[in-house]
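As structure tokens, here come the structures.
In what follows, chain A forms one complex with chain B and a second complex with chain C.
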Partner chain A sequence: MRFDTIIIGGGLAGLVCGIKLQKAGQKCAIISAGQSAMHFSSGAFDLLGRLPDGTEVKEPLKAISSLPAEHPYSIIGAEKVAEYAAQAKGFFADCGVKVTGDASRNSWRITPTGERKPSWLTIGDFTPLAAKEEKIGNKALIVNILGYLDFNTKFLADSFEKQGTECRIVALKLEEMERLRKNPSEMRSTNIARVMDREGIWETAVSQIRTLLKDEDVIVLPAVFGLKDGSVVEKISETLGKKTIFVATMPPSVPGIRTQMTLKAEFEKAGGRFFLGDTVIESKADENGIIKSISTVNFNDIRMEADNFVLATGSFFSKGLIATPEKVCEPVFGIDLTYREGRENWFNTNFWEKQNYISFGAKVDETLNASIAGKKIVNLYAIGSVIGGTNSLYEGCGGGTAIVTALAAADRILEKK
Partner chain B sequence: MKMQEKNISANNFEQCIKCTVCTVYCPVVPVNPLYPGPKQAGPDGERLRLKKGLFFDNTLKYCLNCKRCEVACPSGVRIGDIIQSARIKYNTDSPKLRDMILANTDFMGTVVTKVAPVANFALGLKPTKVVMDAVLKVDKHRTFPKYTTKTFESWYKKNVKAFQDSFKRHVSYFHGCYVNYNYPQLGKDLVSVMNALGYGVHLLENEKCCGTALIANCMIDKAKKNAEHNIASIRKSVYERQMPVIGASSSCNFTIRDEYPHLLGVDNSDVRDHIELCTRFIYRLIDEGKVKLVFKKDYKAKIAYHTPCHMERLGWGIFSTELIRMIPGVDLTILDSNCCGIAGTYGFKKENYEVSQAIGKPLFEQIERLKPDFVACDCETCKWQIEMSTSKEVKNPISILAEALDLVATSEANK
Partner chain C sequence: MVSAARDNEFDVIIVGGGITGAGTARDCALRGLKVLLIERHDLATGATGRNHGLLHSGARYAVTDRESAEECIKENMILRKIARHCVEETEGLFLTLPEDDLGYQAKFVESCLAAGINAEIIDPKEALRMEPSANPDIIGAVKVPDGAVDPFRLTSANVIDAKLHGAKVLVYNEVTNLIKEGDTVKGVEVYDHITKQTANYYAPITVNAGGIWGQHIAELAGVKINMFPAKGALLIFGHRVNNVVLNRCRKPANADILVPGDTICLIGTTSSRIPFEECDNMFVTPDEVDVLLQEGEKLAPSLASTRILRAYAGVRPLVATDDDPSGRNISRGIVLLDHETRDGVKGFISITGGKLMTYRLMAEWAADLVCRKLNVQQSCITMSTPLPGSEKENIDEISHKTWAKPGTTHKATVGRHGARAVNIGLNDEYDASLVCECEEVSVGEVKYAINELDVHNLVDLRRRTRVGMGTCQGELCACRAAGMLADAHKCTDRAKDDLKNFVNERWKGMYPICWGDTLRESEYSQWIYSGVCGLEGGKCETNKAE
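Here is the complex of A and B:
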């Protein structure tokens, strides 16, 4: 089966790259071994929150020039990063994913435990804060669904109270939810969202909130609404006539899953082929190292051929990188990685400290091409968190790296034609 | 530092990192709160069952064995297999008479086809349905697929067997119970398409039911016996007669390839790569430039393709849909990936009827909204469910090809 470009990995990076190429007229395939990390999305994409030395970043675009040379942003170049960052908002809007935010200045998102983290683009369900210390209101009504354990109301109240917001915690008892409560281990965000999506249910929830409401000026709800519809928060706010904010829950993430489904549908609508639950097992290259074809578990002897291959397999979680006792490797093509020899250099025994292994990953050049045994492979690109040179968790740049490198690699591929 | 060099555990559930993605894609969880969900029923529960069998929970029977959890799992955990294996290992309830009737598709087929006109008439009668509902707990809303008066095998022997040797290339055909006892037309379509492509079609030596329904109803001894017999016949076909084996049912194919080794412990490793769906077989031939398809000039159809759960797990829906896309005059939509809810015999059981229909609802609604001329699908039980629950007819892709191809011109092109 022949394609122009085959993308391995169906997460944020793979989908963004695939959509851009497919819409530009290419025939693309995305192969994904299971569902992606978008299912654990915080509801926001970060561009850059901290420099490697720990300095807090307020203006990400200005800070890029301070990054070390091996950082993917430095490799692409500050000017280009700004250009792709500017494109991103429109890109998501065209796909039907509403995002707010600005690359020139970080806003802040509230985590499920009430922490505040820097954010670039925030999915429409959430209200980004302009400053880290911003008060969400004078009095907040924190509303949970009875029996739902993945929304830490007390943590949230503690954190809001630090900024001087008085909090009251209540729980909604909805008849329709009681069936779910029979099985506490399945009282999860997505299952609640499925019930909430039924006709008239969120309206019932809202009328209960109205009876519970005293003099609060802001209502805080878990993001368990709208598996298909990203505008429920606005509807609730309108109905109540009060400021309403959603806070991200522990996984799975309803807005993240919706975003993933929307992007996948956009890719398929444009004619792309998405293969879920398949794994690449080997590749064939010609004498110059150009990758010609791959085979997968499901395709087996029917080879998948393409002019270009994009590796978007992610980091250790999705097995884009694999650590053995002796080494770290990339399992699909065996490409060259940036990493420190010696297992003792991989991690810090203090779990909360910066962990070096997170910055391991593909070595890429300015065209985002990967190399094998020191030799550049001109039709193989690496994008997203499989790329090394950045501790995305520490620096707060995972989402940005995925989006920016995906758009950049798509451009490189299209320029070649 | 002292460490264990490699993960040497044989327990696949240890790959689970508790990410909960499987629970998002389970079709049962949202509609049946009695079911503990794939994570709890699978890897989490397995850890406990390993300690003591008494941790086995009877509610695991609510699992459809659709394998959507496995398709979604980013860590390669065979969740569905873990659940079904636990049922096989720990379940102590013996199958009810109803389950035996539903699961023994080939025995029932042999008996009922002999009296097909009477049986079809009787099974369609309201009083029969009421009695079956009350006594056997087979839901009264269900209509049994009609039985044929003449099995596919007897049609094959009488009408086409004689000239199959005249072709240059050959395949064996695993037709399955449905084609043999209920819907021989599908088998006839397959023979005519393969013949047009220059392939002789042959039967396996004494094919037995693949065992999908037997496994689902925990009738493992019988399933294993059938599996061993079928693999022996397939081995003969592949190695003595040099004929690969094709089929048109995604579930039969999936069971023979994957459930035999994973659930029944029947080794098929030497033949597994030689058993596949006919659409994948034909796609490969086209991809390699070995055959040509010549289509009728006036064929027109608006088709909606439904990917059966086991097809999703095989990852082969693409071969069926790419073939359909090759037909000029076809407007194809791929339906959202949803379970139709029937899951073989599951939906026939009175206690599952409502859950079954609730699971399929989004699919039925999408079909009605789309208004296709008909639905395409590679699974016979999905076909019953969709035909019962929507206004649309369901056709197997190979039957669509048989309709759309100019069979005479195709034969000429592949001589």
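Here is the complex of A and C:
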């Protein structure tokens, strides 16, 4: 099998890169092992929330020049980052993913435990706040589904009350949920969303909410609606004639999964091949180190060839990086990594402090090429969270890194032609 | 006996909420005494909750310590009757590997039989049929009546019974001083870590059941006990590799016991002397992890490819005999000290040494001495009185009677609480919702634990219900349970701090083994709690037990 570009990894970075290349006329394949980090999305993509020294970032684009040299944004360059960030919104809109937000100024998302975190692009289901202390309304009706425990109404009510919003918590009891409830482990977001997606069900939920509603001016619901349809929140709001906001739940994330499925469909619609549930075993290179082909578990001895290879395999959780007691390595190509030797240097004994291992990952140059044993591999690119040099959790830049590096790598590949 | 007039006056005060203190409180309460049990943290946070959970047959001690072996097998048979819901009758094997001396086997079996332990040499092939995960290279096998015991459940059951018989139990209450009049201990001065208040309690006898921390309690009475903290590290694996306890048939050494327990199995232990300062904040070193893995794989080779859930360590309260302060001559047996005859301090006794297995006997000895001093004639009945949860004949029947809807959750719940499970309300849809999928803990069970079992935080809840003990190590269940505690305590800030502590406490057992799947799970936790939830600023707390 032969492609122009083979992308390994079907998460946010892999899909964005694949869609851009495919739409530009390339023949692309994405090899995906399965779930991606979008399945436990926070509901928003972050660009930069904090500098490594802890300084809060309000204007991400302005802050990029303050980042250390090894940060992927610094490697790409502040100007380019701004350019790709500007492209992103239109890119998602073209794919049918509605996002709001602006790269020049962070907005705020409400987390499942009621915290407020800086964000860049917020998925359409959610309502970003312009300021951290913004009040969602005077009186809120927080509505849960009875027995659904991944939506923490108490934590949310408490956090809203701190901003002066009076809160009342109620739970819906829907007959349609009874079958789920027979096995209590089924009361999870995606299963509830599947029931809600059936004809007339969310409408039933809404009429129940109507009977529970008193004088509240805002309704807060868990984001368990719309595995296929991203506009349920607007429909509920219209039907009730009240401001309605969804708040992200503990994983799995319904809007995250829908976004991933939408992007995958967009990639396939453009003619890309998405190989789900496959894993790359090894690669072959020529005498100059140029990668020629890879083999996978499912295709066995049928080799997959391409001009370019993009590594978008993520970090440890998605096995883009593998840690053994002795070392950290990248399992597909064995590319060079930035990481600290000695296990004791990988972690902090306080879970809530910065963990070094999160910043481990691929060494890349300004063209996002990876290297093996110090030698640049000109047709191998690394994008997304497999890249090292940033503690994306602490700095709040995981989503941005994925999107910006994916768009940048696609450009480098297209420039070559 | 003495019906004390005031509510801060008791017949006996027991210091230490480990299994020894809990057992002693129960024994004394069953004999009609008015009992106060005081624990500075939660129940079972010391050595009690940090061991193998092995229901020793005594075979391990048969060659080297006949007395301990005899005590073990007697108590083993008693616990099977009185604590059925805490015990799993798995059987045990003592395996001889090619590198071990097969000659040891004959001496081992002879010593077992002499101690009253039914040890039977079996064909290695038969042993491999009994336990397919055992090393196929074994050259010898002996079957013994080992089993598994859940120390948290056992402690909780003793406390429940003590309370049912009138005992008062104070957790998170620390003894800051002993009240002395002349050469007599009259009571204790206590600081309540939750209410931040101090209080005095009085009794003619105070029992020191503080384990390794008992040396400090003794010092408060002006008495010297020579204790030697010996740290033992263990590893927990993500699933149950073996169903039969696997031991090495050789002189006791490092990492030679693999015990199945609930959904997991554990290998241990190492043994090293540590300074007293470390007792409150033990950590597992890379060397200890390496030794445990290396030796564990010899017992069950599949451990090499099994995910390690966490590492933890406990400290054995070893006591030097009085005539040997150097500590060379250390006993692993039960040590009961009457400080009146030993040191001239009246109203104060210490019960220490011993093992989880012999806790009941230790409690019996201590309660006998208390009764002698109080002139109470009641004799011990704990060897034949079932613990709460184990009274009924057929636990399966309880399961059927308890809830209309059958399900695996019921089995798990009855497994944890025995006949007491009837007290767990699962009346509506909300109660039946699952908080923890790995261990099948329902909302009803969590509510029961919060209301009835002295649960103050998530770590306490884990010890009572196994919330967060499974393969995900509290990924989602911790947040769900935190929500319920916020409800119960009417305080979300406290519940959030508690959640942060819980996550940190889980991390403490994971960072010594932070590679492979453990690191993957940790990264996922980071994404969920620091990323998606955006929680920050948790601190490391010492003294949080496993």
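Quick note on the criterion: the second predicted complex is superposed on the first by the 417 of 417 C-alpha atoms of A that agree within 3 Å, B and C clash if a C-alpha of one lies under 4 Å from a C-alpha of the other, contacts with A are read in each partner's own complex, and residues count from 1 in each chain.
In this section, a contact is a pair of C-beta atoms (placed from the backbone, for glycine too) under 8 Å apart; a residue touches a chain by one contact, two chains touch by 3 or more.
Every value quoted in this text rests on a predicted model; they were computed, and no experiment measured them.
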Partner chain(s) touched by A:Phe40 [first = chain B, second = chain C, both, neither]: both
Touching partner for A:Glu268 - first (chain B), second (chain C), both, neither: first
First, second, both or neither for A:Thr204, with chain B first and chain C second: neither
Contacts of A:Gln163 with chain B and chain C, given as first, second, both or neither: neither
Partner chain in contact with A:Thr349 - chain B first, chain C second, else both or neither: second
Which of chain B and chain C A:Lys117 touches, first, second, both or neither: second
Which of chain B and chain C A:Arg179 touches, first, second, both or neither: first
Contacts of A:Ile358 with chain B and chain C, given as first, second, both or neither: second
Per-residue touch tally on chain A - higher for chain B or for chain C: C
First (chain B), second (chain C), both or neither touched by A:Pro252: first
Chain A residues contacted in one complex by chain B, in the other by chain C: 40, 181-183, 185, 251, 317, 319, 325, 343
Residues of chain A that touch chain B when the two form their complex: 1, 33-36, 39-40, 179-183, 185-186, 188, 190-191, 194-195, 251-252, 257, 268, 273, 275-279, 296-302, 317-319, 325, 343
Of all residues in chain A, those that touch chain C in their complex: 37, 40-42, 111-117, 146-150, 152-155, 158, 171, 173, 181-185, 187, 248, 250-251, 253, 315-317, 319, 322-325, 343-344, 346-347, 349-352, 355, 357-358, 393-394, 398
Touching residues (chain side chain C, partner chain A) in the complex: 283, 286, 290, 405, 407, 409, 429-430, 432-435, 437, 442-443, 476, 479-480, 482-483, 486-487, 492-493, 495-496, 500, 503-504, 506-508, 511, 514-516, 519-520, 522-540
Chain A contact footprint on chain B (complex, rising order): 1, 3, 5, 17, 19-21, 23-25, 29-30, 33-37, 39-40, 70-76, 273, 280, 283-284, 287, 312-316, 318, 322, 334
